[in-house]
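Chain nomenclature is as follows: A, B and C, assigned in order of appearance, with residue numbering initiated at 1 for each chain independently.
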Amino acid sequence: MIIGEVRTGLLRNSLPLPRQAVVDLLSLRPGRQVVATDRPINRTVSPDSIVGVDCTLATEPQAKARGIGTVVTHAVVVGGAVLQSSSRTRLEWVDYRERKAWTHYTHRRGVVDVLGNPPPVQVVNGSKRSSHQRDTLDLGAMCQRMLMLVQGRPQLDYKPGLRTQPTQLRWNATARKGARPAVHLHIDDESRRTVDVVVPPELLGEASRFCEDLALHDWLYTALGNVVEQAERDMAAGTDPMKLLGSALTLLVRLWMPGAHVDSALRPLWADLEDVPGFSQSWHRNVAWIRDQISMSTLTAWQDARTF
Amino acid sequence: MLVFASSDKGGTGRSVTSCNIAFHLAQRLDVAYLDFDFGSPTSGAIFEIPRAERGVEREGLHTYFTDGITDPRRLDVWRQTTRQDLRGSNVRAGRLAFFPGDKGGAEFGTTREIQQRCVELFTRLDSEFDVVVVDLSAGRSAALTMALMATAQPSMRGVTARWLVFHRWTHQHIVAANGLVYGDRGLLAVGKSAGHDQDTLLDAIRFVRVAVPNLREHNPGQTAAQATWLHACDEELRKLAVDNRLGRSRILGTTPVEPVLQWREQIIAESDVSAKIANAGTVKSFRELSVRLTDDAVWEGM
Amino acid sequence: MTTIDTSAYTEATAKPEPRHVALSHLSVEVGHFYMEDLADGDERIRTQFRKVLPWLEATRTALAADLDGVVKPRLSTCFLIDDYFRTDTSPDEIVDRLLGIADEFGITIDYLAREAGCFEADRVPLAELTAAMLLPEPPVGTTGARPPVQDSGWLCNGERAPDTNSGNQAMMPVTDWEPPVEFGKRNHSIFLDVELWKDRTERVDGRLVERRQWSCPFLASVWQLLRLGALRYEGEPVAQPQRWTGDSWPKRWSDLPAVVQLTQNPAPFAAYRTTSILPQSYLGIEHAVRVILDHLDIDKSVTDKTVERALREGVRLPEQLSSRVSHIFVEAPVAGARW
């Protein structure tokens, strides 16, 4: 089983960064490579950063569970504009009771040994608790630290092109022999989501990529929704929303490609999400609305110019 | 945009005025309000959020800074306030997120790690909210120093920061406000040592005169001698303010004496005015402050 | 083969497999010299090589016994010169003298390495590269909420005594002193806290510049990693041995490659295992090296390959790098402090 968290937000830069600048931005560890994919859209991934942990695992209902091992975190930039940081670790149930020499854990990066034999379902539920329980494994902190590290890098001009609310998506993926891949997305509140994924064991490693893709699109969807709301508020107050709508078009719209970077075996999960809640349909409706507003505003401006 | 609310003395109406400014800003923008009055975190009471009246039980800003939690508690004022009239006042209002301190929290010393956390908090919230109002402890506090140091960081250079200094309309308050800005270990001096350009920083500072008596209004209970004396005082204070570099061009605005606020620190909404409890002038002054705060023309260099 | 990969599109994502380096069975370090040791006449060098010789023979015999005649033993010898902490000597005064003395005792030295080469070789910042691999061991209760104290420049094998009162809120109760604890101790702790580097501000051409000075144990760890063939820069081997083609040795150490090949056809520089024959006073440094090696996130694709390759020629290698490193400490005089 893997548990993870993905935090998604906009890079603090007024315009999308070109490819090479993104590679520099994500060169966070000397000697380790940044991996960039260019099609269908640029997606660049930083080298993993690794942190050692030894602490209680949150469980629900409460059970005895201690986790010892390492958590890996990387940063992802999509389209030179959206920044994600993603922390994850594979949980392995063990039957020893005392912590082993540190090298036992450093050799298995991104694995946390689970001591105390808690029922797996209780660990999953614990990882989904709405508020982080103090003194338990804190993936969110590692995620946030990576996010801030990148956001403070000198490649950026520190002027976000849009003000948007970041999202946090906590996920868990369980391997089940012969299972058909399945996903459940739950919206906790305006910025937090939880995702359960079930996959056959050979696809477990692909789950994190899928969840990053899901987090990206959920964030895009949320951000564009907020832009529309803000534009309506501006229009009601007599403020011109064109700059806002223009930025949204420039920064967000071309990034919508559900499943593009996901392993083909997991792409059917997207099809399920397109059925309910039907992401793309409402996305395209919002995009059309924004374009309409911009066209109408252009038309009005043109007509005004003609009357003078 | 970051807005820092400071005052040399306590009891200047800094918190209540900033809360009201935040309330008005949030009618059209997404606003965060941070309670950096670490010695006595009480802004929750002004927003009338019972569970955060004197800070929250856990995961408030104190814990964020001293214990290293990742996401400090944020409360949606529209949903959490017990004031019905605030809740539904404007269907199109922006977000108003309140970041409370911890109940029983106290001032803490600044370490490098805490400084770094402060920079992170400001950057995070600036990317998310149109305006972030930071209510600082009174005087030359650790919170003020931390804010000045954080805003001088290279990664904050794209972020607009504006500084408000609240003072009452009395001799002592005017002198004290001057000291807070221009004096030894004042805002400008500390800002300079933190790496701010002093002139740019000065351009980003405005004073707010709080609870200024309106002498033009007819007051039937006043004798002629009283009125003359008051006018003379007022005139003297005006001169004093100019001498202390707190004159007209340096003020963002003035708020009138508001009886409601003398009794109870709260948000003054339209409903309080229509119920004839609060004065229309008070709401007007808060709204004007919120408009001028975000009007770049007001903040052009002098 | 004409079958097509299941996906219709692939991109060269710039993540090739790391490249191999040639490996011996054993790399033996016959000396680690400081400029003080070298500047002070020949006698000290002579004593050291005299002490080293029988042990070098012993390692040869032991290796042959381990391999049991299945494969021909590959053993290379090397020594390290410290030109990082002091650069005020010149190779043309020292190298031939040193090799001459080694020759008196019949010791062949295959490779000469520079300590500054462990800091940077062929413009690759090796020390920085290694520092980025540090993976400190978490004390019990580490949730990942706070950044590991990586930028402090220290690494320890346990949990430090708790800091009493910095960054706390005012008016918190004062706590009692508690001792540091070694991780995985049996009864009592042997707690070691190693300084990895020191940052200092220096004036260069009138400007203040931050400079990081790496500690001797840290550079010695890089040295072990090089000898174990465990370092890569973006998948490429680093500090590969080079021959010196000049007529005479240069005036400046920095003109030499990080690792110079001295003999005609030596066994490869890097090896499955390393042995260092050193004066006793190096015990502290080598203890620190061990702690550092146990706290690194080494490129797994490199170490796995090495284990596999060794197994193919019948050599079983422990996964843990520090278990492949051994020492022989001899009684030999040294000039002054070692770090």
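Definition applied: a residue touches a chain if its C-beta (ideal position, glycine included) is under 8 Å from a C-beta of that chain, and two chains touch if they have at least 3 such contacts.
All figures in this text were calculated on a predicted structure; none of them were measured in a lab.
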Select the category (line, ring, star, complete, other) that matches the graph of chains linked by touching. complete
Going by CA means, which chain is nearest the middle of everything shown? A
Between subunit B and subunit C, what distance separates the C-alpha centroids? Give it in angstrom. 56
What whole-number Å value describes the gap between the mean CA coordinates of subunit A and subunit B? 35
Whole-Å distance, C-alpha centre of subunit A to that of subunit C, is 39
Subunit A: which residues touch two or more other chains? 138, 141
List, in ascending order, every residue of subunit C touching at least 2 other chains. 145-147
Subunit B: which residues touch two or more other chains? 68-70
Under the stated contact criterion, what part of subunit A meets subunit B in this complex? 9-10, 12, 131-132, 134, 138, 140-141, 144, 148, 151-152, 154, 157-160, 163-166, 230, 232-234, 236-237, 239
Would you tell me which residues of subunit C are touching subunit B in their complex? 145-147, 166-171
In their complex, what parts of subunit C are in touch with subunit A? 6-7, 9, 11, 13-15, 124-125, 128-129, 132, 135-148, 183-184, 232-235, 294-298, 300, 319-320, 322
Touching subunit C in the complex: which residues of subunit A? 29-33, 35-39, 50-55, 70-71, 87, 99-103, 106-107, 109, 135-139, 141-142, 145, 264
Residues of subunit B that touch subunit C when the two form their complex: 62, 66, 68-70, 105-111, 113-114
